[in-house]
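Below are two complexes that have chain A in common, paired first with chain B and then with chain C.
== the complex of A and B ==
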């Protein structure tokens, strides 16, 4: 393998993981605040469809991404309203929304199936793109990819280095304590769920306007479920979550090489491989035996815990503010 | 993730008319919203609904095809009643249907027996296939601490991969490898159907018996009571001495049995072979059926019939009106979403009234 090939592979992993990164960071923000938005797979489908449809009809990519974000926020608002105001089961509402949004995407997406449409244009950053190796991987992409990388660090900085971020951790871990300190827990949860949903929607449009251009029936093939699993795998931490997304992207490109090696195995079988991987990854991070093994010494326990992470203490619970 | 809160749909305090209002309200609102969706794409709503109705009830064959969808929906709903009672989200039910179909197909391909024995064996094979796949999701939850939603969902895709592999690989039709399905089973493996239809008496009776059985088992036995305790609060059930892990695995297995029966019935009665989309999406749809039934077994056959009619009726839409058949799914999804939301609104409403 020559170095050029390796560089191009890394560049393509960075690019093709962009939708997953947006979705993972968006869901991480929502779950950090204590709300699980299980509708991710449907939200991504619907926002990918709307994003492409708007781009196709108006030829305006800004409008397309904006519309996709609105769709994501709208679906998230149903999740937020039903769990925060109506105190309903987040899984039930999220699952129904997953199916409903999937069907909506098929219903409204019908006229746009397999139509050629606009795509996010390539944009090499002048100067930086000429740096050897690094330039080709990080600065010879498009705006959306740059945004996805920036978002990872922005989210990390916001959650762990700012006052509002500290409040965010509080409402997810110990809502009662946060409330006692004067934080409007439910209003904050609402806002973070909406922002998270908008980011997921942005990821959906990234899919249909860049990674897998256009629209077709169930275009995003279960990527929302993968994103939900990666949030857990990443231990509700934006950087580790993004790393999970990139590892996933890397394994997918490995599997596409394997696919060209085993031509007698149908492609549809390879398409299901990510989901087997998802189970194995979740098994790994939640395994009791590994837990006990690493708890042996303080040092290994510290390393293990920093690798694994724990869910926010009040995830998926209702908070009564009165 | 949170425990499932199962609020009774029809509370005993309020009258029948109030219940009717809170049930019909979401359905009418859902029809209004789908009408808006039809107007938005420039279709004639009235024509669409007539097409949908005729697609479901226009002829005896069409009604037959509705029953055809009703059978697997009831089987799956019966299974899901058990897992929901134990507080489990068995989203892996789709894969369990698929594995049931694979089990039945293996029996049909392996044994050359008289029809009665072969079909009975196929159903047993289907039940075992479904139960095994469900137990895998259960073991991932109980021993591996992987939430059943992710375990089950992942296994759905894996089951899909296995079917495709079998259809294109070892079980491919002689000469041609296509994703359309395996060679048809030998005639002895075909379930007896009503003339001209793809549904017969055996599976209808079996579905009704299953429903009655689970209804009484859940409300009249210690097993049902213990599952209910686990569903309400697994931790306290455990401290009360109920073997929660064993019961959870058991609930998964029972649900898998019924999903497997649905798969066997689809393979034997409807397709007479194994096809990639053998589950027909009935597993996910059955989750909606059970949610809309408010987890009540007696309502399941009616809700399942409504869903079956909408699903089968909407197939005519693209042919007659160039409206995508996903309209059926949209209608089903909106009805269930609004119903679930209305339960929350109702609870809040009665709370406000009483305070």
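== the complex of A and C ==
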């Protein structure tokens, strides 16, 4: 295997995992605040479809991404409103929205099926792209990929370095204690759920306008569930979550190489294999297993401690003031 | 800061939780607020600290009337509350917790917070690792963190809600020392408790509440008897212990070693005969729970033999323990003992272990009603267990025990209960003992250990002392053993 091939593989994993990164970070933010938006699979389908439809009709990519974010935020606002104001069960509402949005994407997306449309243009960053190896992987991509990488670190910085980020952790862990310290828990939860939904919507449009161009029936089916699983795998930590997204992207690349190598095996095997492998990975990569793995040296211990994550204590619960 | 509460009223539905309560507290003093469960202490303190709103009345700070919309406003005005279960964030670090709620800029001012934290730590002699997770701290240490946090936010009036529940003896001594120091610095301290001894030791003045009303106010010096009369309307007497003829050995532990991931307690030897009461003393988490669970058949001991009524019970299923008349009442009444969501009738049906497929609901309801009367549970057959108070949950758990038990294992049997419920629980247990049951209980309350145990097993720092005869042991001795001296 020559180096160039390896570099290109890593570059393609970084690019093709971008939508998943948006979705994972978006959902991580929402869940950190205590609200589970289970509708991800439907939201991604609908926003991918709307994003493509807007780009197709207006030929304006900015409008397309904006529309997709609005769709994501709108669906998230239903989850937020029903759980925060109406105090309904988040899981039930999210599940119904998954089905509804999926069907809506099929219904409204019909006129756009298999139409060629615009795509996010390639944009190598002048200068940086020429750096050997690193330049090819990180700086010879497009704006959306750069944004996905920036988002990971921005989310990390926000949650762990800023005061509003500490409040975000607090409202998800123990809303009563956050309230006692002057945080408007429900307003904050609403905002984070909306932002999270908008990011998921952005991820949806990233599929239809870049990674998997165009629109077809159930275009991104299953990705939302994987994103939800990766949030758990990532221990509600943006960097670990992003790593999970890249591992899934890597599995997808491996299986697409394998597909060309083993032509007599049905292609469906390779398309579904990453999902199955991801589930197996989730089974084995628990906090305890990683605890043992990383406890060897002080350095690895330190790295692990900074990435360690547990579910927010008040995840999927309703906060009511006494 | 001088605090005055004037004619405070609060209703919850039909319940008059605070009925015309007036208290004045001078700065630099510790004021006790005493009363049994449901007396209205917590309601009053939640009103003062902004968690709930009063229906009528006035709160004056240094003569100025205030009305807090929420706890954050109260703390800005200088009123901070330490909750019985510290209202902090266990998965975050000590420093994160200390930072949270301080408003000084967009970025977390970690250096500034750390300096503050260290300054307060030095002042009070606290020793908390700023990077430790709060979940790894004891309740006592979490209280220390909360004290420092509230002070750093400028609290002048500190409310302590039952702070001595769930902390060890050395921590309690440290807490009292801190409270006296705070008072000396001019803080106004309100100490909410249902423990007479704590009020006597600490408070210059005590206000007693009963069923939402103020029954009296006493100034130091006062006697426990005075307080009891104000709390209950009459003076309760502890009954002399009836002597019980000891029977067959029920439980025998031979070189038992119990362990979990962080603690290992080797070489426990004990023989318990029918009619005996054994108290397990020591700082919480020293292995008492491990031993109780091993005796109940819920966990396997690492080494050694457990014999129950002459049969070796190692690795026997839990069911066999039940059949030999062993019962275990855990400290987590709602979490481990009862089934939240089910009502009393349903609990009694489940406990009956009958093979009938259909349930005769009417008969079950009648049976539940009579059991509720018999065990004086404040509730109806359709009451869900989570709606009951702690005392009534414990009564329900006792009512659920099978009639003929040989060995009753209890963890903190009266924790959080008022004196009346406590005495009732023990009267039930002692009646069981008269009928030939052996009792092994763990408690953090030394008075309880002394009052009811025949023999005492002290757990300390991964070791167990030889069983002591309760009659021949002094508090001093026991305290030293718990502290690890002479083991």
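As a convention for this text, the second predicted complex is superposed on the first by the 297 of 322 C-alpha atoms of A that agree within 3 Å, B and C clash if a C-alpha of one lies under 4 Å from a C-alpha of the other, contacts with A are read in each partner's own complex, and residues count from 1 in each chain.
The rule we apply is simple: contacts are C-beta pairs under 8 Å (C-beta built on N, C-alpha and C of every residue); 3 or more make two chains touch, one makes a residue touch a chain.
Predicted model, so just to flag it, every value in this text is computed and none were measured.
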Item checked: Partner chain(s) touched by A:36 [first = chain B, second = chain C, both, neither] -> first
Notebook entry, point to check: Touching A:134, do we find chain B (first), chain C (second), both, or neither?
Noted result: neither
Notebook entry, point to check: Looking at the overlay, does A:162 come into contact with chain B only (first), chain C only (second), both, or neither?
Noted result: second
Next item on the list: Would you check which partner chain A:181 touches, where first means chain B only, second means chain C only, and both and neither mean what they say?
Entry: second
Margin query: After superposing on the shared chain, does chain C or chain B touch more chain A residues?
Written below: B
Next item on the list: Mind working out whether A:170 is in touch with chain B, chain C, both or neither, as first, second, both or neither?
Entry: second
Note to self: Between chain B and chain C, whom does A:310 touch in the aligned arrangement: first, second, both, or neither?
What the structure shows: second
Notebook entry, point to check: In the superposed view, which residues of chain A touch chain B and also chain C?
Noted result: none
Margin query: Please output the residues of chain B touching chain A within their complex, sorted ascending.
Written below: 1-2, 4-5, 37, 40-41, 89, 91, 140, 144-147, 149-151, 153-158, 160-161, 164-165, 168, 179, 276, 284, 287-288, 291, 324, 326-327, 329-330, 332-334, 336-337, 340-341, 343-345, 347-348
Check: So in the complex, which bits of chain C are touching chain A?
Finding: 46, 51-52, 70-72, 75, 87-92, 96, 99-101, 103, 105-108
Check: What residues on chain A touch chain C, complex-wise?
Finding: 161-167, 169-170, 173-174, 176-182, 310, 313, 321-322
Next item on the list: Sort out for me which residues of chain A touch chain B in the complex.
Entry: 36, 38, 78, 82, 85-93, 95-97, 99-100, 102-104, 106-108, 110-111, 222, 225, 228-229, 232, 265-266, 268-269, 271-276, 278-279, 282-283, 286-288, 315-317
